[in-house]
Every structure is written in C-alpha cells, then in structure tokens.
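Note that chain A is present in both complexes that follow, paired respectively with chain B and with chain C.
Our next item is the complex of A and B:
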C-alpha cells in the first residue's frame, strides 16, 4: 500500500474545485487558528470543523482513518504523560493532554482536504505561486517522494530478514541485527533516492515545478475561502470568549 | 547516415577509486540500435549516466549531434534530445498518475498545455496504454510500468534513447511487448542488456564491455557466436546460438552442403 495523500485528488467536491492557492492559504490560516486554541471547547470545535472539511472533501473516511492510526498513537503519549507530570495536578494535566490530543487530531485531519484534494505537483506549484521559496518547495516534494522509496526499502529489508528466520527478541543479537538493518535501509534508501533524482534530471528537471493546471480565482473560490477564514476566526473567538461567558 | 553520438577517450572513476570506464571511444550513427553487453559492473549503466551528465556536470568527452557537452547549458539542452529509461521503472515513475509522469518531461521542455496533452496521448498510444492517464503508476504491473517508463521518454521526442536493462524482471509476455516497442522505435537506441534474445531481435551492432573497456564491437551474430570471446569476458553463448552451431556441425558431419 502506498501512503500517497493525493490518491483521491481526482474526485469532485467543492474543495476539489477550490483554487489550490486559495485552498492552501485559507487552510493554513485555519491550522494557525487551531494552533492558537487553548481550551477544550475551542479544541472540540476545531475537531468538528476539521471533520466537516473532510466530509465536504468526499475523501473516503477509511482512507483517512487508516492514516490517523500512527498520529493517534503519537498524540496518546500526551494523554498519558501530562496527567503524571503536570505541576497543577493530574486533572489539569489530563485537560491539557486532551486539548493537545484533540488539536493535533484536528490539524492532521485538516491536512487531508488541504493537500488531498489537489494533485501533489499542483499543490507544489501553488506553493510556488504563493511565493514559498523554490528551494523549500523542492525539499517538500523530494521528502514526499522519497518517503515512498524509504518505506519500500524498509519493507524489503524486513522481508529479507524474516525470510532468513529473524525473530526480534530481547537480546543483544536482536539489537545488533536491527542496527545492521537500519544502517542497510538508510544506505539503500539513499542510493534509491539518488537514482530517482537522476531520473528527474534526465527528463529535464531544472528545480522548478511545471504543471498544466491553470490557476484561476473565481467568485465561488472567494465565497468558499471566506467561509473557511470565517470559521478560523470564529474558532479563535469561541476559544477566547468561552471562559468569559461560561467559565 | 549522420553520426549522432561520439565518445572520445572517456575514462571515469567513482569517488571510492573504482575505475568504471577506461579510455572508451565510440561512434553511433542515426537510427542505429546498439546493444551493450558485458558482465555486471562492466560499466554499461555508468556509461549511460555519464552521457547524460548525471555523473559529471560537463562530460566533455561526449558529443551529441555535433554538440560537445563541455558546459552545463549544453548538458541541459541535450537532455531533451537524449532520453534515459532506468532499469527499475519505480525509480523513474514518481508522480501520482500516469498522465503527470508522462507529462513531466514535456512540461520541463517548456511546451504549451495543448502540446503536452498531445504528446502524452501520442506516447501512451505508442506503448499501447491509452486510457491509463489517471491510473496510479505504482499500482501497475511490471510490464505496464516499463511501458509507462518508455512513454515518459517517448513523450519528449528524443533523437537517442538509452535503455538500461529494458527487459529485466519481466514475464515472457512483458518482455515480448517491450521488445516489439523497441523494434518499432525509429530513432537511435543504446541498450544495456543481458537479454540475448532482445539483442538478436533489435540490435544492429553489439558492443562488449568489460571493466569499463570496449572488448569487441561488431555485428550481433559475429559477437554472440564467438564462444571464446564471451567466455573470456564472463559471458555465456546464447542457447539459440549454441543449438544453431550444434545443428550446423551435425549437418556438416552428415555431409550436408
């Protein structure tokens, strides 16, 4: 299975039709607003809005959920660790952990409609048009592309080890073997990424991204963008005003 | 026929000191299909990467269509004229749809949207993959991936195509399809391969490489029938040639003219 985020970029939804430059800009604003949220009500609203964006994008829920597994695992660490370490006690720690967990989940969910409804190359071109430096755009593109190469190398090396009867255990030999496997994977992935880069150069790649996508910002784009921006503003507003009225 | 590629006294060593190409000189005429055979590590892939300036920014020993590659600008210009099909198509296909992958080269050549679309349609038709535009390259079969990889190069309308092991890891049907495509290609082709069947079907000339040196350069039947030469360079005579020579000697022994 390839973890490409833009597998459903060719579906049709109001977010698919939104101008990619506007899409990236307004969802970036929404991500910033989510990051600014401090309380639980604001975090829950951010999550609800992120779920709404995913729903509107028509990206299959199964696809999204499968990719959230690792994120949930990572964010769960805050739920477990903060109640144990927070200076104001376990209840405050749990609340803080829950806010971080929900905010994190909302932000990752937002990335799906942000980058999953446009072919990745077009998103990169949109970033360039938004005056993100070409070097940074190139780094994002290569990181994204090389992740697949790296994941495949990991899979191959794991299979080769298992095929020769390797079973991880709690001993020195396992550590030594894992060390070798990690080293080998890195070397192979490096060589592979080198070949991919050569293949791009051989086809005339000059560190600039071309796309056939003609960017155009229309009235429907303006209304959709305004809606998402208002949601971002409302999110911060609710987060700041909630303690005053209900706190 | 006009000369499209000339290599003069090319030597190249990797950073670790391994000499990959040693004093290699070669000339290729327009429309010729030259097969490079040799044991692993003979320098076949290195030669292709070198020609395209992927190992050295200014491969001044290489002249393509009269243009010596002595500047990065000359190398960039030549990349539209010379296409390279990598051994592993997964190294070559990095976009999320077949269309984007085939369009990547023509877009880099600065063609208009209409021209790019036309080139993509034409290249996919040439490799028999019409209707594959929105398919995900990674989900295709090995044979289909190889054909898409060929289409990514054909779409750039290259004068010379370099193919690194174009039939490796393919099932017989995939091999047959790729061989047919190479046979039909009207331009100049340089093919690095261990597939003698492919050599006998498509090549006009065979260059035998070993340790970065050209050991032999001549007609396929002449080189592939020379068992002593092949064995001395770590290669085996193709089975079909062995049968042919055995039948011939049997016929001579039986008194046939």
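Our next item is the complex of A and C:
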C-alpha cells in the first residue's frame, strides 16, 4: 500500500495551486449540487463537469480509471437491478438506474481533484480550518501515520503463515488461522500504543499539530472558486429547468 | 459494504451526517486527549486487518470487523469507524464522500451494539465464553449493518425495496464469516492479551478504554 492519494499531489495545475480550504469547500458544494440532480440531462452535465475537473487537475486518466472499479461495481448493481424491479416498469427503472450510475461516477471523479491535488496532511489542516473538530482531525492524522507500518506488518505475518504451508480455503481452519493472524496484529498494535504515545511526548508533542504550510487566499483563488461554484449552481439550474423547456 | 455517492437524496445524506455528528461528538468529547493517539493506533491496525482477503465460496471478501472494533475499543469504536471510512473514501475512493455520514451510522451503531452484546455475554461463565460472545457480537453487528443499509435505501425511495431485500439476503453468508472470524480473534485475545477485552476490572490498565 502506497500513500496513493499523495502520488499526484505535487504536480502543477490550476487546481493544485488553488487554496486547499477553498478547494475542499467549493468541491463539497459541487458534490451537494450533484446529489440534488434528478434528471438525465443534469446527471450528464455533472459527469462532463467532473471529467473537466479531472482534466484540469492533470491527474493521469489511467490512474483514475483503475481506482473506479469498486464504485462502478456498486453502481452497476443499481443499473442492472432497477430495470428489473422498478414498480413503474423497466423504462422508469432504467432511467433511474442510469441517473444514479452517472451521478455516482461524477461524484467519485470529483474526489480526485478535491483531495488528490493537495498533500494529505495539508488537506487535513484545511479541514481543521474549515471547523472540522480538532480531535477528529488529530485522529485521522494519527491513524494515517501508522497505516503503512501496520500494512508492512500484516504482509510479514501473512508471509510467515504461507511459509508454514497455510493455504486459504473454504473451511473453519482458514477462518481460525486468519482470526489468529488478525488477533496477533491487534496485540502488537496494542502493545505499541503506550510506547508510541511516550515517544510523541518525548519529542515535544503538545496535543496540537503544526504544518509549515500557510494558507493564503488570493485573487486567482477567488476566480477559480467562483467558477466552480457557478458551475454547481448552473448544474442544479439546468436539472430543474430542463423538463420545463424540453420535457 | 458502503453506500456510494449518487444513490441517496440529499435529505438522507443530511440525516446521516446529523446522526454521525451527534454520536461522534458524544463519544469523542468524553475521552481525554491522551486517549486519541492510542485509539488511532488501534484504528490503524483495524483498518489494515480489514483489508485481509477471506475466501467465501468461489470468491473472496474483505472483512468489515466492525463488531471486533466495538469489542476492543468500546465507545471509541464509533469515531474509529468514522476515521476508517474517511480514509477509505480518500485513499481508495471506496464508498463516497457525502455518504460518509450514512455509512458511519450504518457500521458504527452496530459496533456499539456489539460492544454491549459482548460485555453482557461475558458477565456469565460458560465454556468458550469469549468465542461464543465474539461470534454473537460479530454476526449481529453485520446483521444490524445490513438491516440499516436496507432501511436507509427504502426510506430513500420505494423503488429500492427489491434491491434492499437482495442486499439483506447477501448479508447472511457475510454474517457467518464475520461471526466466525470475530469468535476466533476474541478467543485469541482472551488467551494472549485478556486485558484488551476487559473494560470493567482493569479499566486503568487499558490505554484505549475510556
């Protein structure tokens, strides 16, 4: 496991240069606008805008597509099952499923420019400036910090199990072995919690986080934020007005 | 097991955030700040453990482990699951960003129930106590998560009724697998590190217990 969210956080693009506080706030507004969409034209516009954000962010498309698998699988369930089960008939179901699928795709695409164009710890600092409770942000940062070490540890334990001839299968033995493996990981983590905390205190941790990044909101930030906000408003407008003019 | 973005109307999303805000606020406010780094280390371990593949029939699944999180972390299981879901949404784009509230309620409330179930079951004395209590906590937490998912979908739109039923049926095998793994882990912890399961008698020794 790599800190993949940070993989393209240091590129240079108009979105990378956007103030992270504004970036999170305006893309959140765009997500809310997309959630408000009801019809197919609105959903398609949302998808087009989301593709535009990803394009502007210069995050490689191949990387983005590879990460969509889980969401596409989940959304496909609606696309396939709604036509079969919709009380108003298969056409209504297909339309509903398609709107859900396209909206979902647009929203997951928006996450890449929203959080993929800022280093993770800077995003978290921005969240805390946006009045997300300090304790929650602290917990996210600590959890993130230890993920990679534990991932390494789990790999080691799994390798040890394989070296002793463990082959996962559909039996109780497998579940018991995996249970021990998970238990072992938890015990190791537990035994480390106290020492990690002592080490943090020894290095002067004062229950506050500092990053060297200072936020600044400039004129280009204002224009870009305004553009994204206007797009969000236009999206809801198009969705509501389309049936009146073309429906 | 998450609801992705795009499915729920804004009202369901807002209700999810409101519930998660209240529950996370209540559980986070009570603990001293020193407990947070420790709870976070455990959250991290749970997050990684939940990535382990478990074979199920011809395919394999990831565990949720929300029952186990409840057993080990107690009330802090709720913020732990919130943090886990935030990281999952940001690192892997699993679930959604707007649905983090709903998903946290869906997995976090059953985790708190699992904590209660395990606690009550362990007041009695019987053979394989931790394994049986662990199975109940693990299986029931998945059951309640599935029920919650179904309810949330149905309240979001009547056309989701059939999908909600299907999802609930798909949860039954998951319940058994999670229950068995949870039982194995609980039995392991009872043997190797019993203080991780005790919250009443050794409250001061357990660094992550509130």
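The rule is simple: the second predicted complex is superposed on the first by the 173 of 247 C-alpha atoms of A that agree within 3 Å, B and C clash if a C-alpha of one lies under 4 Å from a C-alpha of the other, contacts with A are read in each partner's own complex, and residues count from 1 in each chain.
We adopt the following convention: contacts are C-beta pairs under 8 Å (C-beta built on N, C-alpha and C of every residue); 3 or more make two chains touch, one makes a residue touch a chain.
Since we're looking at a predicted model, the values are computed, not measured.
Q: Which of the two partners, first being chain B and second being chain C, lies in contact with A:202: first, second, both, or neither?
A: first
Q: Is A:105 touching the first partner chain B, the second partner chain C, both, or neither of them?
A: The second partner, chain C, only.
Q: Now for A:89: first (chain B), second (chain C), both, or neither, which partner does it touch?
A: neither
Q: State whether A:192 touches chain B only (first), chain C only (second), both chains, or neither.
A: In the superposition, A:192 contacts both chain B and chain C.
Q: Considering only the touch criterion stated at the top, classify A:150 as touching first (chain B), second (chain C), both, or neither.
A: second
Q: Going by the contact rule set out at the top, does A:68 touch chain B (first), chain C (second), both, or neither?
A: Touch partner of A:68: chain C, not chain B.
Q: Between chain B and chain C, whom does A:119 touch in the aligned arrangement: first, second, both, or neither?
A: First partner only.
Q: Of the two partners chain B and chain C, indicate the one touching more residues belonging to chain A.
A: Larger number of chain A residues touched: C.
Q: What is the contact status of A:10 with respect to chain B (first) and chain C (second): first, second, both, or neither?
A: first
Q: Which partner chains sit in contact with A:184 here, chain B, chain C, both or neither? Use first/second/both/neither.
A: After superposing on A, A:184 lies in contact with chain C but is clear of chain B.
Q: What residues on chain A does chain C touch that chain B touches too?
A: The overlap between the chain B and chain C interfaces on chain A comprises residues 4, 120, 145, 192, 196, 200.
Q: Tell me, which parts of chain C touch chain A in their complex?
A: Going by the criterion above, the answer is residues 2, 4-10, 13, 24-25, 28-29, 33-34, 36-49, 51-57, 60, 63, 65, 68, 72, 79-80, 82-84, 86-87, 89-94, 96-98, 158-159, 161-163, 166, 177, 180-185, 187-189, 192-193, 196, 207-208.
Q: Report the residues of chain B in contact with chain A in the complex, numbered from low to high.
A: 49, 52, 54, 76, 79-80, 83-84, 86, 88, 90-92, 94-97, 100, 103-105, 107-109, 113, 116-117, 134, 136, 138-139, 152-153, 156
Q: For the complex, give me every residue of chain A touching chain B.
A: Residues 2, 4, 6-7, 9-10, 119-121, 145, 148, 152, 192, 195-196, 198-206, 210-212, 214 of chain A touch chain B in their complex.
Q: Tell me, which parts of chain A touch chain C in their complex?
A: 1, 3-5, 28, 31-32, 34-36, 67-68, 70-71, 74-75, 77-78, 81-82, 84-88, 92-93, 96, 100-108, 110-112, 114-115, 120, 123, 133, 135-136, 138-147, 150-151, 153-154, 158, 168-170, 172, 174-176, 178-194, 196-197, 200, 207
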